[in-house]
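The following pair of complexes shares a single chain, subunit A, combined with subunit B in the former and subunit C in the latter.
So, the complex of A and B:
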C-alpha cells in the first residue's frame, strides 16, 4: 500500500467524523472551552493580593440574591428589552407594509433603509450622544423648540429621560433590521388570498389582522427571536452614551458584568453575571419558541 | 338591479394585447356561460369584471353604472377563483364564513349559513381542517362554499367544478342551478365542460383569442354555429368537416366531394361552384343501404351507451355515432346518410356559415 492510496482512502471516508473535525475544532476552541472556562470561573474569584484565582464555591451565585445592583441592572435590561422590541416590531411592521409595493422607486427606498445597519453601533451611539447634547444637539434643539423639553434639560443626564435617549439610538439603528426581515416575509406572501379578501368585502384593517398577521406569524416570531436575543445583551449604546448613568437609570446587566470583570477585576463574579444573562436568554428564547411554535 | 354590460372592453398586459372589443350585455338574473379554449381570456374577463384587473379599454357597467374604477369590495360580487385562492391560515369554516364575519353578521346566522353550504358541498366533516389538509377537489368545494354564502347581485364562477369527479359534478351542476333559481343573481360561469355549458346556460358566449365569436342560447349555438370554429368547438365528439364544392347541374343544389354527394335544401343560398366546407355532427350520420357518403370502417370505439365509428371517407377520418347494436368490424365498407336539415355549410374562404 502506497502513501497515495492511504491519502485517497482518507479523502473518501464514509465516516462522518473526518468531515466534521474542522467544525468541531472551531466549536471547541471558540465556544465550548470559553463556556466551560466561564462556568469554572464562576466558582472562583481573583485575589489581587496573591494575583491568583481562588476557589470560592457557590459564593458568587449566593451573592446574586442580595446584590441590589444586580437586580436594578436586570430591571433596566428588561425595560430596555421590552420597549425596544415592541417599538421596533410595530414600527418595523408599519414601515415594511408601506414599502411593500411594486411601484418604481420602492426598490431604492428598500435599499437605502438598510443603510443604518452599516454603521457600527458604537459610532451610532456617539452620533446620538452629539445630537442629544443639551447645547449643540439637533434633537435637543427640536424637542425644546416644540416645547416637549424644558430648556437646559440634558436628555442623557436626566434620570427620567436618559433611557429614552439611549433607546432612540437603538430604535433608529435596528428598526430597519426588523423592516428587512418583515419585508422579506411580506414580499413572499401569496397574492390570491388578498384578492379573495377584497371580493369578500374585507376592509384593509380586517385584511391585515385576519390575513397578513396569521400568514406572517412565523416570520414575526423569527424576527422577535433574533432581535430579542441581541437586545438582551445591549452594551454599545449605554457604554458610549451614558456609561449606565445618571445613577443607575441606564445601567444594564451586560454593563454590570463588564464593569465587574474589567474595572473591579472581579473575574469570578463577572463570569457569574454573564452566565446568568445566558441562562435568562436561553429560558426566554426556548419558552418563546414553544409558545410561538417556531420550527427550525 | 345587476345587469352586467361590457362595452368595447380591451385588455393589454404591457405591450401584449390579449383582448379587444368585447361587447355584450348580461341581463339581470341571467346565467351566462363563457366558453372557449385555454388562454382565450375567460379568466381575464372575469377578473376585470371583479375589479382585480384594470380595464385597458372600454367601459364596464354593473347595474347600469360605470364601474371601471370601483374597488372590488364595492362591486357587490362573489367569485370562485380558478386557483381557489383559499385563506391558508383559516379553517374551512372560517374560509367560508369570512365574508359574513367581516360584514359583522350575527354568529348564529353565520353558523347556519356555513353549515348549509357545507351540507350541499359534502364538507360537513371537514369544517375544522385547514386548506393544506384537503384534496384538490375538497379545496375547490371550499372555494365554491365561500361564494355560496354570499348574497350579492353578481356571481362569477371560474371553472368551479373542474376538479370534481363526474358524480359530484353532476350533483353540483344541479345545486348551482337551483341556487341561481333561488337567489336570482346575475351569473357569469366559465367552463371547459360542454355538458355544463349546454345544461346550465341561459346564454353561451363563445370566445376565441380574446374576442367573442358567437353568443346565443345553447340551442342556437349548437344548431346554427356561425363559423367553422364554433361548429368544431361545440359538440362532442367534434363535428365532421368535408371540403367540396356546390353543384347545381341537376336543378337542385348539391354538395360534391370525392366519395360524397349530398343534396342540399332547396332554399340554400350557396352559389354554384363556390368552394365550401360541409359540417355534419357524428350523431346526425346514420348507416344506410345506399347513402350519399361512402367509406370504410377503420376503428370502432365503445363509449358506454354508444359506439363511435371512425370511417375512412376518401382519406378523411369521419366519426359516426351509432347505437351499440350497430357496431361494425374494421375494414367493412359502408355508406352513410344524413338528413338535409342536419347539414351545416360554411364558406371555405371566410369560414362563415352559409344560410
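So, the complex of A and C:
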C-alpha cells in the first residue's frame, strides 16, 4: 500500500476518530489541560520568598472553612444570582408576552431591545456608576425627587443599597436576553391548544398558567440554565461599580478569586476558589437539569 | 484685576491662540495688556501649535531645546554600539515618566543607541503579576522592573543595586549620571530596602495641599497650616457654598488602595503609626482613633459621592468645581491648570501639607515606615537580575533616569514631580511654571514636601494585600456604618492584619 493510498484511506475513513481529532485537540488544550492544571494548582501555593510553587496538600481546601471572606462572597453571589435570575425571568416573560402580541411598532422594539446585549458589561457598569452617582447621577436624582432616597445617600456606597445598585445594571442589560429566548419559544407554540381553550371559555390567566407555562417549561429551563451559569460568575459590574464594597457588601466569589490570584499572587488559593465555583455551578446545573427534565 | 483673574484670562487667551481662534498679534496684545513680561509671554507661547515632539511638547523653548542633550546622544551612540539590535522590555504602570518615554522620548534613545525598547503599559496589579511570574520563572522576559514602593521588599533580591552597577561597569557608566543627585528622602522611602537600593527613584506622586484660591480669598481664608485649620476651612466653605461646593474631597472607595492612602495621611498627621518596632499593628492606639474621629468630621465637608471615588473621582470633583480643596496627589495640579480639563484653570494654588499634630519618629516604627502627612506613592526603576541583556538594560536605565531625560519628562509628561534635586532647578522645568496644561508651578511645593513632610508606607512582602484589601475593606465597612465605633473598626483591622502576617 502506497503512502497516498494510506492518506486517502484516512481521509475517506468513516471511523469517527479522525473527524473528532481537531475538536478533541481543542478540548484538551483549552478545557481539559487548564482544568487539570487548576486542580494541581489548588494543592500548591506560590511562596514569594522562595519564588516557587510549593506543595501544600489540602491546606487551600481546608482554609475555605475558616475563611469568612469566602463565605461572605458566596452568600453575596447566591443573593445576586437569585434576585437577578428571578427578576430577569419575570420581567423577560412579561415583555416577551407583550411583544408576542405583534402590535404595530413591536418589531422595532424587538430590535431596540437587543441593543443592550452588544454593550460590554464593563461599559454598562460605568454607565450605571455615573447614573447612580449621588452628585450627578440621573437615577439618584429621580429617587431623591420622588422621596425614595435622602440627598446624602450614595447608592453604591451604602451597604443596604449597593447590591441593588449593581443589580440594576445587570437586570437592565440581560433582561432582553431572556426576552429573546422566551419570545422565540412563544412563537414556536402551536395555536390549536389556545383555540380549544378559547372555545372552552378559559380566561387569559388560566390560559397562561395551564397552557403557556407548561408548554414553555423547557424553553424557560434552558433560559434559566444559561443565565444562571452566567450570573454565578458575575465580575464586571461589581469590579467597575463597587470593587466589592462598601466593605464586603457586593463582594462576589469570582471577584474574590480574581483578587487572590492576581492582586495577592495566591495562585493556589485562587485556583481553589475558582474550582469551588465550578463545582457549585456543576451541581446546581445538574440538579436543575434533572428536576426540570431538560433534554439536550 | 486680581492675580487669579489675570491668570485665568491668560489661560483663556492662550487656549484660544493654541486652537487657532486668535492670531499671534492679538494674542501678544492681550497678553501685553496683562502687564506680563517677555518671559511670561514665552510661557504663553508654550502652548502654541508648534510642537517639535510628536505634538506633545509645549514649545515655550527654542527649537531643539526639548531634545536630549548632544552629550547624552553621543554617549548613547558610543556605549550602545555593542548592543545594537537588542530589544529590551519593560512592564510599567501608566505613569507620566513611562508615558513621556513611550510617547515622545523613546525614538531618540533607539536612534542613538540602536537598542529597541518595548514598553507595556498595564494596570498596577498586572505589573505586579508580570513581575512575580518573571521572578518565579527566571525567564528574563522583562529586562527592567517598574517597582512600586510597596513592593521594594518583595523584589529587592531580584534586581541589581545601581551602585554596584556603577562600580562594576565603569565602561558603561554615564559620566554625568550622579547617583547622589536623587533626593535622599526618595531613596530612603522608595528605592531602599534594608541596605540595598532596589533601583533608583523613578516617579514621585505625593500628597500636597491644593486649594481654590478664589474661594479661599472670598471667604477670607488662608492655606491651612494645621490639621485643625484644614477642618475649619473646609467646614466654613461647606457652610457658605454647600451643597454646590464642598470644602474638601477624598478618595474613599471601599476596598481600594486609595482609601488606605488617605488613611495613612490622617493617621500619621495625628501622631499615629501603622507598625511599632515589634512589628505589631498599632493603628488602633489612641492616636489612630483620634485620626478616624477627625476623618469622620472632615468627611462631612466632602461631596456625598466621595465613598465611591478613587483618585480619579477625587481629582474630577475639584476640576469640576464641586470641591474647593484636596490634600492629595500633586500630579493633579497640572491637570487642574489645563483649561481643557475642567472649570478651574488658574484658580488653584499649591501649598505644603498641614503640619502633623504630632509625628512619630521613623525609628519608633516597624518595617521601615516613615510617618509624614505628605503620603508618597512613588516607584523605582531597576534592572532585573534575570535579564538576558542586563548591560543594555543598564544603559537604558541610566538614560531614562538621568537628569537631562528627567527634565524632558517633567516638561513633556505634564508637570510630574522629578526625583532628582537638579531637575527642579532646570531652566526648562522652570520655564513651564505658568498657568496652563503641564504646568510646573507647583513643583517648589512638591520639592519642599518631599524634604520635610513626606510619609512612606512600610516595606514588607504582605503589604500589597494589607494596603489594597485588609485595611481599605475594613475602612469601607466602617464608613458604611458596619462597625459600632472607630475603636471597633481599628481593633478588627489589627486582628486581620496580624492574621495576614501570620499566614
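Methods note: the second predicted complex is superposed on the first by the 287 of 296 C-alpha atoms of A that agree within 3 Å, B and C clash if a C-alpha of one lies under 4 Å from a C-alpha of the other, contacts with A are read in each partner's own complex, and residues count from 1 in each chain.
By our rule, a contact is a pair of C-beta atoms (placed from the backbone, for glycine too) under 8 Å apart; a residue touches a chain by one contact, two chains touch by 3 or more.
Note that this is a predicted model, so its numbers are computed, not measured.
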Exercise for the section: Could you tell me whether subunit B and subunit C fit or clash when both sit on subunit A in the superposition? Expected result: fit
Practice task
Please tell me which partner, subunit B or subunit C, touches more residues of subunit A.
Solution key: C
Exercise for the section: With the two complexes superposed on chain A, say which partner A:157 touches: subunit B (first), subunit C (second), both, or neither. Expected result: second
Practice task
Mind working out whether A:214 is in touch with subunit B, subunit C, both or neither, as first, second, both or neither?
Solution key: first
Handout entry: Partner chain in contact with A:246 - subunit B first, subunit C second, else both or neither
Key = second
Practice task
Pick one for A:206: touches subunit B only (first), subunit C only (second), both, or neither.
Solution key: first
Handout entry: Which superposed partner A:193 touches (first subunit B, second subunit C, both, neither)
Key = first
Problem - Contacts of A:259 with subunit B and subunit C, given as first, second, both or neither - result: second
Fill in the blank from the handout: Geometry row: CA centre of subunit A as apex, subunit B and subunit C as ends, angle in degrees (steps of 10) is 150
Problem - Closest Cα approach, subunit C to subunit B, once both complexes are overlaid on chain A (Å) - result: 52
Completion exercise
subunit A contact set shared between subunit B and subunit C covers none
Problem - Complex contacts: residues of subunit C adjacent to subunit A - result: 125-126, 128-129, 132, 135-136, 138, 154, 243, 253-256, 303-305, 307-308, 317, 322, 461, 464-465, 468-469, 473-474, 476-477, 479-482
Fill in the blank from the handout: Contacts from subunit B onto subunit A in the complex sit at residues 50-52, 71-73, 77-79, 81, 83-90, 98-99, 101-103, 146, 150
Practice task
Spell out the residues on subunit A that touch subunit B in their complex, using ranges where they run on.
Solution key: 190, 192-193, 195-203, 206, 210-211, 214-215, 217
Fill in the blank from the handout: Seen from subunit A, its contact residues with subunit C in the complex are 46, 48-49, 51-53, 129, 133-136, 151-154, 156-159, 242-249, 251, 259, 262-265
